[in-house]
Every structure is written in structure tokens, then in C-alpha cells.
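In what follows, chain A forms one complex with chain B and a second complex with chain C.
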Partner chain A sequence: MELSESVQRGLRSLAEPSTFDQSSYGVLVDVSFRSLLSAKAEPGVLDQPELKQIDQILLKQSHTAATTFILEAVKHNADKSAISSCLEELAFSAERIEIFYSTHQKHKKELERLLASIGRCPPRINDASWRLQYHVKNDQVDKVNEPFYLISLNTENEGSEEDINFTCTVEQLQDLVGKLKDAAKSVEKASQM
Partner chain B sequence: MEEVDNILIHALKQVGTEVSEETGSIKQFTSELIVEAVVRCIRVIDPGLGSALPTFLPPGMSARFRVGMSLAQACQDIGYKGEIGYQTFLYSNEPEIRSLLMFLVEKLPRESAEASDQPTGKSVVLQKAIAAAIRAQLAVPWLPPNCRLPLHGETQSPGAQHNFHVQPLSLPHCTKGPGKKQLKGGQGSLIYMLEDYQRDVLPPVTAQPSHQASVVASILEQHTAELSAAQEWDNEWNTQGLLSRLTPQEYRSRKLARLRKRIEEQLRSAALPCPESAFGGPRSASDLSELLQAFRGSAPSDHILTKGTHFTHTQKFTFTQVRTAPRAQHKHAAPPILSGHQSESDMQLRQQEEQASLQQQFQQLSALPCLLSCVHGGCVWVQVLDELKQRELGNSEKEEKMQVKKKTIDLLPDADDNLPKLQAVVEASAKRVVHLASQWEKHRAPLIDEHRRLKEICSNQDLESSRKLSEIKSLHDKIRVSTEEAKKKEEIYKQLVTELENLPQDVSRSAYTQRILEIVSNIKKQKEEITKILSDTKELQKEINSLTGKLDRTFAVTDELVFKDAKKDESVRKSYKYLAALHENCNQLIQTIEDTGTILREIRDLEEQIETENSSKTVANLERILDDYKAIRQENSALAAKVREG
Partner chain C sequence: MLLVLSEDHKEHLSFLPKVDSAVVGEFGRIALEFLRRGTSPKIYEGAARKLSVPVETVQHGVEGLMFLMTESSKHMISEVDFLDSVLVLGFGEELNQILLQLYLQHHAQIRSILSQLPSNLPAYHNLEWRLDVQLASRPLRQQVVPTMTMRLLLADGADGGRSSRVLQTDPSSLLHLISTLEAALAAMKTSHARRIFRNIK
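Entry: the complex of A and B
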């Protein structure tokens, strides 16, 4: 897991006991996690009483570095050894690493969900209903005599339900089913790698 | 022996033979089991041979005989060098079966060779992780939406989705004390203002973007941009920067100047061919000069350039925008007065629309249209300046020429007097020139020597520095290669550890390897003992030889001596007879001892043979052979009777 220069600098200043003593370190770690997870932007998130004596620019740099490090750790799904080795290189003491890791474990699921919510996803099919009709004749042709299917797919997209309706002949339906089977097989193959 | 049997049974089970749990050793294999095992092994080793062979013995005796022969033939085709025939399968004995099965199991193709060829690398690790995640998701059964538990939340009912939307963040940075002192007054105050802004007003990074998902996206994007910029700078510095032998700051400032010049040239050349643009005419001159001043003047250190000028540029462009807006209004005010077609309200509407669109453009932070227009106007002004300068130069030259001609004209009326005066002046000045030239020569020589000496020193230093540069480069390369190797090896190690955990655990290889190592050490000890015994035996043999030799010699000597005296004396003759008898008896004793030894050896050999014969259960086999022989005879007679009848 690589970190850029400014993030390393911010984390190093966070590790120094002279800049951040034990209580303010804990408060800043909590604040960093909270500021990432809160649904609304809170500009006053750094206005904690324990953080008032620290130079504000240094505080903001450390906050930026801490949030970047948290996001990178969740993105890489880093285990305890990776996080500890990273923080040890930046001169963190063992108990600070412990504090950081325990808070990380507490909020890991939410952060993962937050990261997973970025992206696109097509609607998911929940249900399908079908109807087989027989086309006897219409106003232009006297004898048609063809069966066809009316398919209605009940999909769900971001919590709202929607129906997709279409008609198809038997061959088209077979084609669709064949494609679905191919898709299932390729997913199986991908999981066998 | 049990370990060998266990390994064989395990391998046979893997091939597909059904070995029941009680058969613990080869001794308990029945003929059917042996045939099945052998045929399955052959099928795996060579499918062509094996497909023709049945896995079980048919009941009829002649069919069994035929099957045995074909199996023996197949084994010989595969390459078994020992003695093999139908009897190995029908009337088996343990050592032969063990050696045959070991040969076949060794011939089985190894699946492990494929696994070790898998490439290791980051992409493979990622693909394996993806495959594991897909497997885990496939294992969770699908439930209709009303029955879903939170555990299905991620994969089966998605929450709100956001796009990956990045907003630029402004990060606070520290300027240290000494940096501030080097700045001139205007920039210093700018730094202080910037710091105050960062300290008091700038919101923390997580509060800057407008949406929670954009926070994540923007922070990650910012970090990746920094990382890639650092990597690019490293690459560039290692390839071009070191060669130019400048310090990093000098290299950066030179590159900056180069880029600025190129931008200016390109803007000028782009602005020139379009004579009619939206904003022509009277204003933009001052804007361009200020802009160019801003380019030139705001770079005492890199910090300010990369972060501060972002701020100053936005400042500048907001101010120019404010200025262009009224000018745009002026410009648009002019043509309607001239043309006189539009009404006042239309004009004002148009002005307002123009203003709004302009403000929009600038808010999108693309200052370039404004810049191009400024440059175009300023370009013309710069050309005019250049012309002016050139004309002034021409003017001054012509003035000088005029002065000279005036002087000569003044001197003309008094020509006779002035001519020798002028000649004298010319001679004096010529002499002065010569004198000065000689003085100059005197100065020049040592200076040239000095110059040459310094040049030599310079070239030596150049050589030194190029050599050191190449050393530095090779060291860099070595560092990079070894860090890459270390990283790769760590990754391989992690991968192999995970693979080892995933491997099936039924056969414990460590127990086998320990036994093998024990056996090897035992054999080594035994070999030492054997060599010791051999050397002891050799010693003994040598002693025996020397003793017998001594004995013969002493006996020969005593024999002669006594024989010489025996002719005269009776008692000596008797002692001679006793001596001969003693020698004879001792010889016999030695002979019997040697015979006893050989007979003991033969006994031991015979006992070993008895043991091996006992283990090959020949008696039982002979009985079976007799029974089968009787069965074959019966079958033969039955077939003959059938032939006779039909």
C-alpha cells in the first residue's frame, strides 16, 4: 500500500507525542472516521475541545492524511499486518496502532458499504411472469397461426420496482434462455480460477 | 513396510480403486483387488492400453488365464522390467506384487507439476481474490425480496448507487519561516493571507465536497494523483534530471521557464490568424501585460507556483472577468448605436444575457477563452512596440553618420592647415593603438594559460561527475531491482502460504519425510559399521596370513634342525615324530574350524531362503493351481462333449 508524500507527512505529525498527545490522538482518529461516515458535510467536525491547542493547519493536514489513509486501507482490504507495518514505518507507537486498528475494525463494514455504493448497477430481476398467446389472424393477413410469448420481468432498481414487458417468439425465447445459461456458465468459470 | 503400503494404498484410492478400510498391507490384497488396481493404474497411465482390459476377473478359468496374460503383456509394454506373467495376478506373492504396484504408482502422471507452473504476480492474486469472492457470493442462496436478511444486503438488494464524481479539494500546506523571509513584500503578504485563510476559514477536507460519496471519490482521486505525479517526477528525474547535472530546484525552474515560453509562443501563434474575434480593440492590452507579469513574477519557489498560483490565478481571472464584463457591454453598446436597428430593451437584454453567459464561463474555471482574447489584443501592441524600437535604432545610427559628415564639412574651409593636423592626429592614434596592442598581448598570454588550466580542471571534473553519475544510476537500478525482488518474494510467500492452507490435509508429508530422513541416517550408520567390520576383517586376514607364514617358516626350520639331529639320536627321532604329529593335528584343527565357519554361513543362507520361500505362500498357490487345472480339464471335457453333440 503506497502513500504519497503529503499523506506520510501528515501521518508522521500525527504520530508525534509532542504534537498530538494521547487524548487528542484518540479524538482525531474518532473524528476522522466519523467525518467520513456522516451523511452530511460537517464543517465543524474538527472543533473539538481537545484539538483546540494544536496548530490548525497541522491539524487539518493530519486530518486529511488520516482520512486518506483510512480510505486506502479499506480500499485495499488491508489486514492487521499490512496496516501495522505501514504505521510502524511512519513511527507510530504500538498502542496508537492498536487504537487505530480497533476503531478501523469497528467502522470497517460501514466504510466498505460506502465504497461499494459508488458505481453503477443495472436493475435486478426478481420475478418473471409469462403468457403464451396464439396469433390467429389480423386485419391484414387472414391466417397467421403463430404462438408468441408475453414476458413481464419484475425488476428492482434502487428500491423502486419496475416492470419490463416484451413479446418474443419461441426461437427468441430459446435464444434468451441460451444466453442466460452461457452467462451462468461464465460466472462459474470465473469462480474456478 | 507399512509406510510403503500406506502410500501405495493411498495412491490406488486416488486412482479410483475401491480398497476397503481394513486392508492395511499388500499381503491382504486378493487377486481381484490386485487386478482392479493394476488395470486402473494402466488406464490412467496409458488410456489406449487400459481401455481394453476389464477391471475384474471373469469366473471362467480360461478367461481368467487370458486376462492374466493380457495384463502381463500390458505391464511389459508400459516398461516393467521384472519377471511377470499370468501367475503374478492369479497366484500372487507379496514381493512381486509390491514391486509391480510401486512401479505402476511411480508411472502415474504427476498432477503437481501443473500447479507449480502457475505464474505469480499481482494480477493473479487479484484474480484469485475475485474468484473467491464470486464463489462466496454464489454460495449464498437467492431469496425473494421479502425474505432477505441483512446478510444478503450487499449482493441481492442494492442500496442507492452514486456515480464516481470528483470535486477538487484544497488542501492546507505549511510554509516554513525561512521561505517567507525570501519573498518580496507583495508575495509575503499573500502568503500570510493564504495562511490565515487556511487556518481559520478553510473547511476540513471531508466537508468540502457537496455529497458524501463525492468525499470518498475526491479524496481517493487526490491521493492517486499525488502518487502518480510523484512517480512521474521520479522517472523523469532518474532519466533526464540526473543527466543535466542540476539540482532538483534548478531543473524544475528551467523546465518551468521552457514550458512558459512555449505557452506564450503557442498563444501568440494561435491568436494571430483570427483578426476578428468577439472582443477586439481597445481594452485587453493592459490585461495581457498583467497576465505575463503574473507568469513571470510569481515564482520564487515551487510551493507557491503549484498551490499558490492556483489561488492567485483564480483571483486574477475573477478580476479580469469583472473587467471584461463592462467592456463587453461597451462593445455591444457601440454597434447598435451605429446600426440603429435594435431597441433599447433588446440591447439591455442582450447585454444581460452576455454577462450571465460570461460569468458562467468563468465560473467553470476555464480562463483560456479570455486569455486568448487578451493575447490577441496584446499581440498587436507588442508588435507596435517592436517596430518603434527598431525605428529608434535606425534613427540613432543615422544621427551619428550625420554628425561625422558635419564635422568634416566644418573642417573643409581650412583644408591646408587641417590636413597635416589630421595626419598627425591619425599617426598619434595609430602609435597609441600599437602601444595598447602590445600591452594587451602582455596581459593576454598569462590569461590564456590560466584559461587553459581552468578548462582542463573543468573537463576533469566533468569526467569525474559523469563517472559518479553512472555509478549513482547503477546503484539506483540495483536498489530498484532488489526492492522489486523483495516485494515479489514476499507476495509469492503470501500466496504460497494461502495455497498451503487450501491444500487437502489427508496425507501428512512431514511424517514421511521424517521417516525418510531417519532411514537415510540409519543407512549411513550401517554403512559406517560395515566399513569398520570390513577393515577389521581385512586386519584379521592379514594377521592370519602372516601367522601362517611364520608358522610355516618356523616349522620348516625346526623340521630341518630336528631332522639333522634325528639321524643320530633316538630321543630326537621320537621328538621329531611328535613334532610332525603335532603339526598334522593342528592343521586338522584349523581345517575343521574353517569348515565349521563355511557350514555356519551356508546355514544362514539356507535359513534366509526358507524365509523368502515361506512368504511367497507357494503351498496355497500350488493347491489353487491344482484346483484350477482340474477346473480347466473339466471345462475342456465339457466343451469337447458339446462339440461332439452339436
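Entry: the complex of A and C
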């Protein structure tokens, strides 16, 4: 994992027992994970009693460095040896590495989910609703007498929902369902490979 | 059922018995082209010059003929009813037969053209799909996420304009989608639906 100069510096101060004693180290590690996972940015996140004695600028630098490091580790799915060797190089004691790693393991899945949800992708289909109607006549043509479907696909894109509405005849719906079933079969085959 | 023709309509059509049958046939062709592709003033001018009548007369004759054809096709009236409706115009037997032939030959086509008119909702055209596995994104590497990417093609409106939407879904939503739409297809086969189809004709 490549870390920038400022991140390395921030982490080195975090490793320093003279800057961060045992309890404040633990608190900062916890706070760093929590600030990544909370839905809203809390301005008072560093206002912990254990962190009051530390120079506030150093504190912020270490907090930033820690959160950056956490994200990089999750992003690259770093295993224990990768994290350990990285922190060892920055003069972290074995004990501190262990504390960091166990907190990392606790929150890893949730962080992964968070990162996976960032980014653009086409709207996702969540649901479909349908109506079967019988077309009797319209103003242009009399005696139509045909059944037809009104399909509504409920899609979601980055939090906003949209409905895609369209009509189809019985044959067209059969075609659509046939194609979807082909797709499902290909997923099943792929999962058995 | 009988067609009821308005006075204006009858007046427009009164031009037809004054020309010979070949011309009526020609007007019929122009009327159908009008339905298919629209018309241009040149066609009317050309015909008007050849027949030495004002352009307006030709135009009304063609439009009247077209309206007669579309109304008859819309209501799917029978041969007998068509002849009875046309009787009111007081044309000769030959002209009536020409009009009837025009109707019988083209009413299916006219109906299909008319049925393309009133579409205000997009209609399904096709679905293309693709199975992808997402391996990485900018914020997260080393992923294994199976994704079904689809392109839904819809035909929008009478002009046949195609719109396409790119959509995605995951395997479990896909299965849910399939079962929902299969239930929709099953609704066609219920006795309730069959009863309606049988009785509304």
C-alpha cells in the first residue's frame, strides 16, 4: 500500500507513546472507524476527554492519516501481514498493531459495503408491477378487442426512484420473460463454474 | 352498422360520379398514399389540370374518399352495410362497386395504419442482456459482484421512434422479476379472463 508523506507523518505521531498514550490511542482508533461509518459528519468527533491533552493540530493530522489508512486497507482488501508490515515500518508497537487490526476486522464488512455503494451505475431494477387490460376500442379504431399488459419497472439510481412504464402484447411479454429466463440460466451456469 | 355521412362529406364526394372509373381508381390510390405518407399539393394540381377542375374539388374528392375508407375500416362494417351507406350518395351501381372493391382490398391495411395512431405509452420492443461480474471500482478493489446489465428497447409513439434504457439488476432481483411477470402471464389463462375475451366481441 502506498501512503503519502502526510499520511505517514500522521501515522508516525499516532504510533508515538509520548504523543498518544495507550488509552488515547485506543480512543482515536475507535473514533476514526466510527467517523467513517457514521452517516453524517460529526464536528465534535474528536472531542473525547482522552484526547484533550494532545496538541489539536497533531490530533487532526493523525485522525486524517488514520482514516486514510483505514480506507486504503479496505479498498485493497489488505490482509493481516500487509497491514502489520505497513504499520511496523511506521514504528507501531506489536500491541498497537493488534488493537488496530482487531478494530479493522470488526468493521471491515461494513466499510466494504460503504465503498461498494459509491460510484455511478445504471439504474437498478428492484421490482415490477403489471396490469392486464382488455383494449375494446379507441377513437381511431373500433372493435380492437385485444388484451394487453401495462408493465411498470420500479428502478432506483443513487437514491432516487424512477418508474419505467410501457405496454406490451401477450407475445411481447412472453418474449420478455423468455429472455429474462435465459439470463437467469446463464447466471446459474456461471455460478457452477 | 351504417355510416352516417355529413352534408359536407356528401358534397365532396359528389365530384366522383362526374369522372370515369379509372379516375376514381386513381383517386383511391392517392387517398391511400395520403394515409401512408401524407400528400403534396403537386399531386392535386396535376390531377386538377388533367381534369380541368379547380384544385379544391380534387382535394375534397380525395379527402372525402379517404374519410369514407377510414370510417368504414374503423368500424369494420360489412359489405352490405357499406353498400347501403354509399347508396345514400346516389351514385351509379358501377361506382358503388368500385368503392366497395377499394374498401375490401384495403381495409386491413387501413386498420393497421390507424391502430398505430393512438399510442401514448411506449411499447416494449426488445430486451438485450448481458451477465457481468464487477471486479473493482474506484473506491473498492477486489470485488466479485455478479451483475445483469440489460438494455430495454421501447418503441415510443406513432412515429416508431426507439428509445433505449440501460438498466442493471442482481441475480435475486432477476428471479423476483421473472416470477412476477410469469404471474402476469398466468392471469391471461384464468377463467375470468377467458370469459371476458369470449363475451366482448
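Criterion: the second predicted complex is superposed on the first by the 122 of 193 C-alpha atoms of A that agree within 3 Å, B and C clash if a C-alpha of one lies under 4 Å from a C-alpha of the other, contacts with A are read in each partner's own complex, and residues count from 1 in each chain.
The working rule: a contact is a pair of C-beta atoms (placed from the backbone, for glycine too) under 8 Å apart; a residue touches a chain by one contact, two chains touch by 3 or more.
Just so it is clear, the structure is predicted and the values come from calculations on it, not from any experiment.
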| item | value |
| --- | --- |
| Partner chain(s) touched by A:Asp30 [first = chain B, second = chain C, both, neither] | neither |
| First, second, both or neither for A:Glu156, with chain B first and chain C second | first |
| First (chain B), second (chain C), both or neither touched by A:Glu72 | first |
| Which superposed partner A:Pro43 touches (first chain B, second chain C, both, neither) | first |
| Partner chain in contact with A:Asn145 - chain B first, chain C second, else both or neither | second |
| Which superposed partner A:Ala128 touches (first chain B, second chain C, both, neither) | second |
| Contacts of A:Ala190 with chain B and chain C, given as first, second, both or neither | both |
| Footprint overlap on chain A, where chain B in one structure and chain C in the other make contact | 75, 115-116, 118-119, 121, 124, 126-127, 187, 190-191 |
| Of chain A, residues touching chain C in the complex | 74-77, 112, 115-116, 118-119, 121-130, 132, 134, 136, 138-145, 147, 149-151, 153, 155, 164-168, 170, 172-177, 179-184, 186-187, 190-191 |
| Chain B - residues contacting chain A, complex | 127-128, 130-132, 134-135, 138, 144-145, 154, 156-164, 171-174, 195, 198-200, 202-210, 212-213, 215-217, 219-220, 222-223, 226-227, 230 |
| Interface residues, chain C side, partner chain A - complex | 73-76, 111, 114-115, 117-119, 121-124, 126-127, 129, 131, 133, 137-143, 145-146, 148-150, 152, 154, 165-171, 173-178, 180-182, 184-185, 187-188, 193, 196-197, 200-201 |
| For the chain A and chain B complex, residues of the former touching the latter | 2-7, 35-36, 38-43, 45-46, 55-58, 60-61, 63-64, 67-68, 71-72, 75, 113-121, 124, 126-127, 156, 158-159, 187-188, 190-193 |
